[in-house]
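In the two complexes that follow, chain A is the common piece, with chain B as its partner first and chain C second.
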Partner chain A sequence: MQRRTALTALALIGSLTLAACSGGGTPAADGPVELTMWSWASLQKVADLWNADHPDIKVTVQEQGGGDELVTKVITAAKAGDGPDLVQAEYQMIPTLVSNDVLADITEQGGGAKDKFTENVWKQVTLDGAVYAIPQDTAPLAFYYREDVFTQLGLKVPTTWTEFADVARQLKQKDPKRALTTFSSNDAGLFAGLTQQAGATWWSASGDTWKIAIDAEASRKVATFWGDLVAEGVIDNQPMYTPAWNAALNDGTQVAWVSAVWAPGVLTTSAPDTKGKWRMAKLPQWTAGSSATGSWGGSATGITAKAAKNGHAKAAAEFATWLNTDPKAVAALVKEAGVYPAATAAQMSGALTTPEFFPNQPDFYQQVAELAKGTAAASWGPNVNVAYNTFKDAFGKAATEKSSFPVALKSVQDSTVADMKKSGFKIEG
Partner chain B sequence: MASTRTGRRLAPYGFLAPAIILFGLFFALPIGYALHLSLHSVQVKGLGIGRNAREEVWVGLDNFTTALTDPELLAGAGRVLRYGAMLVPTMLGLALLFALLLDLPRTRFRAFSRLAIFLPYAVPGIVASLLWGFLYLPSVSPGYFLLRAVGFSGPDLLQGDWLFLALTNIAVWGGTGFNMIVIYTSLRAVPPELYESARLDGCSETQIALRIKIPLIMPSLVLTFFFSTIATLQVFAEPMTLRPLTNSLSWTWSPYMKVYRDAFVQGGLHSAAATAVVIAVVTLVLSFGFLKVVNRRTAERTP
Partner chain C sequence: MSALLVGPRVQPSVSARATRRTSWLATFLLLLGAIYCLVPVLWVVMAATKSRSELFSTFTFLPGSGLWANVSELSAYRDGVYWLWMLNSGLYAGVGALLSAAVSAVSGYALAKYSFPGRGAIFTVILAGVLMPPITLAVPQYLLLAKVDLAGSYWSVLLPSVLSPYGIYLARVYAAAAVPDEVLEAARVDGARDLRLFLSIALPMMRPGLVTIFLFQFVAIWNNFLLPYVMLADDTTFPVTVGLYSLLQQGASKPALYTLVITGALLSIIPLIALFLGLQRYWRVDLLSGAVKS
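Showing the complex of A and B:
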């Protein structure tokens, strides 16, 4: 029995490292270039269109788990010299992937696509002057609300954050069982987007020094605003994407959601009984009359260092450019994956048809195109994952205990800086 | 002749070889690699962008210092101890009670009851956690629905201190059956003559259970306690599955969750390896310490 204990205890350490030791690269075969792509969306049908026209480059899409899992997987695989040739990555994860040597510099092979996108979008796939991915979709924030409930209770759609707070209070007063929305701590992406709207830039680089400004004026303003609403009890404090949250959206316990342009897809599955009852409006503003918004997600197609090493960077970049800019490809992308394309030409094209869940808002995408114009620039650093995960714990605690949000924000800043310093990054200040 | 002698001398090694190779490949090597990782760290150059921007450097015991001075690791260990203090006595107490009840001479539906109590053990931990997670959420749980129907509002089991009860309940539900079977099997191995003579001497069934059965099955109680303690120290699947459902479960709730987060979510394989080594050493010391105490007491009792 004693020996068995030793084995059990030691196996703990063993199990940790096994994952990192598997596999090796596959040598390139003769015949067509075979490329694999990892994505969380079902893109094989889009890739099939490419394969039909390009017998010399065959792309296979392997569907993987959600965004964060995919990042973990692809970094682990890259360390073992394995993994795909192309990978779908959310914008905020690109510096992390580049810093881990997962993505290849494709300035030469893919840089030509620059003028198909807006400058702010292109900036997010560029680091230190080099291009690392081709943008696929963008996700500007908007305000989604239950039109029927708003009319019934005589609520006005808020255009500023002050009005937003007032509407939350009015709703609580008129019907204590309902809440305007929830402050969720389980996805830092939404909070990051809201701080972009307020003018925050969490990471920036100059020379060989990084500047971390998570705990800065703009973000503190956003944190204080939401913290006060939670402390006042006029909005809920439970996380999103739980069965309870789905039920709250479906039965009208929560009547609004600050979300990105992909919200109709989520509402379709989370709140199936409310079809046609939602409406999208511009995100409330900090200054009346302005039209700024932030982003929550959005992704790009990166070409891996493995593909570059095997001499497939050009083929992969060609496919990535086609996938995200060719009208036929983008139309299929919109249909299969339900994305809002990043390519500017595609945003005005007929490929975007009104979401089925919003039959009451036929000009949905015209409005999106209008509000997307105000999308604030975003820039990311090499340890977004650390910041986001600290956010979950710190803001989760603050939301439950109704304690200070700015204190939680400071702990996110401190952990992020400490993590970067530990790795040897030079930090300003 | 000489070759036969050499062959004979080598034969034992030949028989040992498969085991040694497997042990080395899948056990010693990964442990060695974990130790290697725990003594190194990654340092970046410049902005940390591009090829060769990261290199592995020797940092000695730095990772261990960081791990041991991290208040979250200690807090996590505290939470796991509290969870274990609730879980192990409850689970083993119930397992013992059920085993004794099943062992009573006049118990009916014995085979069916045994299966019914054992069955939850066959449900994977993650599935069980998801199942219970739904039952714990006030707005979707049928239990809360019934409570509300009769005018009560139950506590939110996924918040604050209730969380310990919620997690303990999942583990008790899943683990009691297995431990019950282990205890019951050793009860069946007790010679029935002992009970007959006890009954002739006028012992009640309760006295038989307390004075004869429990002392005789002590070794299997020690065994189940030992395994349950190790399983508790490794708690991972249940809190990981419930985590997205509540604000109260942090990424560092248990030491193992922290190791997982550091290694695979935050990309700090090196510091995670150091933390894993610390946990393994603590588990080893605790397990051997416990066994030593038990063995000494057994040795004292049997002269």
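Showing the complex of A and C:
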């Protein structure tokens, strides 16, 4: 984690050192337009399909590895007038990239793709009315549980959060060695998704004024709920993605996981012995009978300011639109990169085949498509990384000490507001 | 140096008893240190032998059954791109460390043996450079190299590695101690010019120090992550560190390639171990065999 701090510092240094400098050479007028794309997924094979049909626009994918480091790298490259023409970006990073002048406004070139996506997905690639990327994949939240253990112990699959808490207590009573799940503080994305389900909007902008509502009613409800369960000791408080967590999922110490549609991939690695024993269900609801969910992850294809400067915005947007909406492209995308496509038509198409790890749930993706309809809107600001890092520290401490979660939430709000003020954003209230 | 000087004066027959007495506390502490250093290595070795399903489910320090499967899967990944990364790492580290040792030798020798105006100032700047963590320089270096259109090329990783303040500092200290002024003066009296002095007299005497600099620099470049990560965009020019990182961070939807990354990490330290074993004999050469009485 120390490296991450160093990188944040570096991004700062980078942004201070140079405002802008000369762009690279202008490409020759004749010959095909050459575009490069940075991504963490193996997309070259998908791009090859495009290249075969489009001799005038040639796309090369350069795999970079994902995470915060990629954001730092893209920003640094943009400051030097360098970098790719297209970049894969997680939704929550789009405002950061826009405020660092990495992404170009492609409302004109890419805006036509709007009706291929649901409104809430499209919202995540627009900022103040302008379009900055084409959605690639989405990650609606669901409830994953060990079907065999639930049957064996006579537990009912929870449909509301109240039932969820009851099931956690029953399980603790029947088998104290097990826990329903854990509250993990090492990825704020899950918590953010859960607050979206409850109706939270952490960042919102009108004109040049931002409103930060992390410490607001909806998120407080979610924080209190999980904080109480941790304090009561009916769920675990250890972080996810550790060897201990892998072992707990594999040997059935933890029997459920609130996760996104990509969970089968993680379970394949983390809990290899439990193949065919998991089942996915709708996320528990705050109000019985409703069907809201949040997202944890998902990404879009952005077109960089460099591409726009070189006059390639149209070609790049054309490719990004094809990549994420064309049936052939999306099918390849699903096959090569294992994504859950954002395009609504693709979610219903036959491209998605039952995850290998879930042979017992052949209609997995039909169910996902059903619950994806209830995906709540998410909105992000220019300093998601600050909020997420504070979340890790504050909630990590609160989870270990079993202290107040709402207090931790307030500190996330405070540091996010302070950071934005420091960066010169106007904050409402 | 002082150890080497003092060593022979002690009579072996007298010291035999004294040296054989074991200091239990020191041994214990050193053993603890050794365990602390070796356990992670053992973990990597053991984890590399495990197949995907064994990785997190079997006992940590028990070998698994998947080593060859892992190696062949790694070699097959994207048509053997891993071995290309290894070659790149070898190129960056080998050429970078050689150039760096050469630059350090010249600058260290000049700083130690010539007196010229500004020598103190230059040395102070270099000392300050030693204290500066190289990680903070990666982004400014990137911005500079991008201006001259070198970012993304092999040079963008090689050039920043060539100038190593620590190497120059070490070479200066080493030249001051290992190259006696008397020898240089004697050679000068015999008519040797400056270049000849350096190449024929000083350089051989500095060799053990230069081997040390080469090794340090080789390991530093081989293990460097941030500089190549920031500099390089094309994944066929990646060194092994950045390549493995891109394997690890492929997005949430794909099963993580832990076994490949761990196997790759294990294979990537083998050249370092080989290099150390191969070059360690140069360290033992006693410099002071000959020349002057001190």
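The definition used in the following text is that the second predicted complex is superposed on the first by the 399 of 429 C-alpha atoms of A that agree within 3 Å, B and C clash if a C-alpha of one lies under 4 Å from a C-alpha of the other, contacts with A are read in each partner's own complex, and residues count from 1 in each chain.
One rule holds for everything that comes next: contacts are C-beta pairs under 8 Å (C-beta built on N, C-alpha and C of every residue); 3 or more make two chains touch, one makes a residue touch a chain.
It should be emphasised that the depicted structure is a prediction, and the values quoted were computed from it without experimental measurement.
Of the two partner chains placed by superposition, only chain C is touched by A:S299; chain B is not.
Applying the stated contact rule after C-alpha superposition, one finds that A:A247 touches each of chain B and chain C. Judged by the touch definition given at the top, the superposed model places A:S99 against chain B, while chain C stays out of reach. In the superposed model, A:L86 lies in contact with neither chain B nor chain C.
Once the two complexes are overlaid on the shared chain, A:A399 sits against chain B while remaining clear of chain C. Contacts of A:T268 after superposition on the shared chain: chain C is touched, whereas chain B is not.
Once the two complexes are laid over each other on the shared chain, residue contacts for A:L127 go to chain B alone; chain C is not touched.
Residue contacts after overlaying the shared chain place A:L180 against neither chain B nor chain C.
In the superposed model, A:T76 makes contact with both chain B and chain C. Counting contacts by the rule stated earlier, residues 6-7, 9-11, 13-14, 17-18, 21, 72, 76, 243, 247 of chain A appear in both its interface with chain B and its interface with chain C. Residues of chain C that touch chain A in their complex: 52-53, 55-57, 60, 78, 135-136, 138-140, 142-143, 146-147, 149, 151-152, 226, 229-230, 233-235, 242, 245-256, 258. Residues 26-27, 30-31, 33-35, 37, 41-54, 133-134, 137-140, 159-160, 223, 226, 230, 234, 244-248, 250-252, 259, 261, 263-269, 272-273, 276-277, 279-280, 283-284, 287-288, 291 of chain B are the ones touching chain A in the complex.
Every residue of chain A that touches chain C in the complex is listed here, in rising order: 3, 6-7, 9-11, 13-14, 17-18, 21-22, 24-25, 36, 38, 40-42, 62-67, 69-70, 72-73, 76-77, 79-84, 137, 139, 243, 246-247, 250-251, 260-262, 265-266, 268-270, 272-273, 297, 299, 337-340. Within the complex formed with chain B, the residues of chain A that make contact are 1-2, 5-18, 20-21, 68, 72, 75-76, 95-96, 98-101, 105, 127-128, 130, 185-186, 205, 208, 210, 237-239, 241-244, 247-248, 253, 305, 382-383, 385-386, 389, 392-393, 396-397, 399-400, 419, 422-426.
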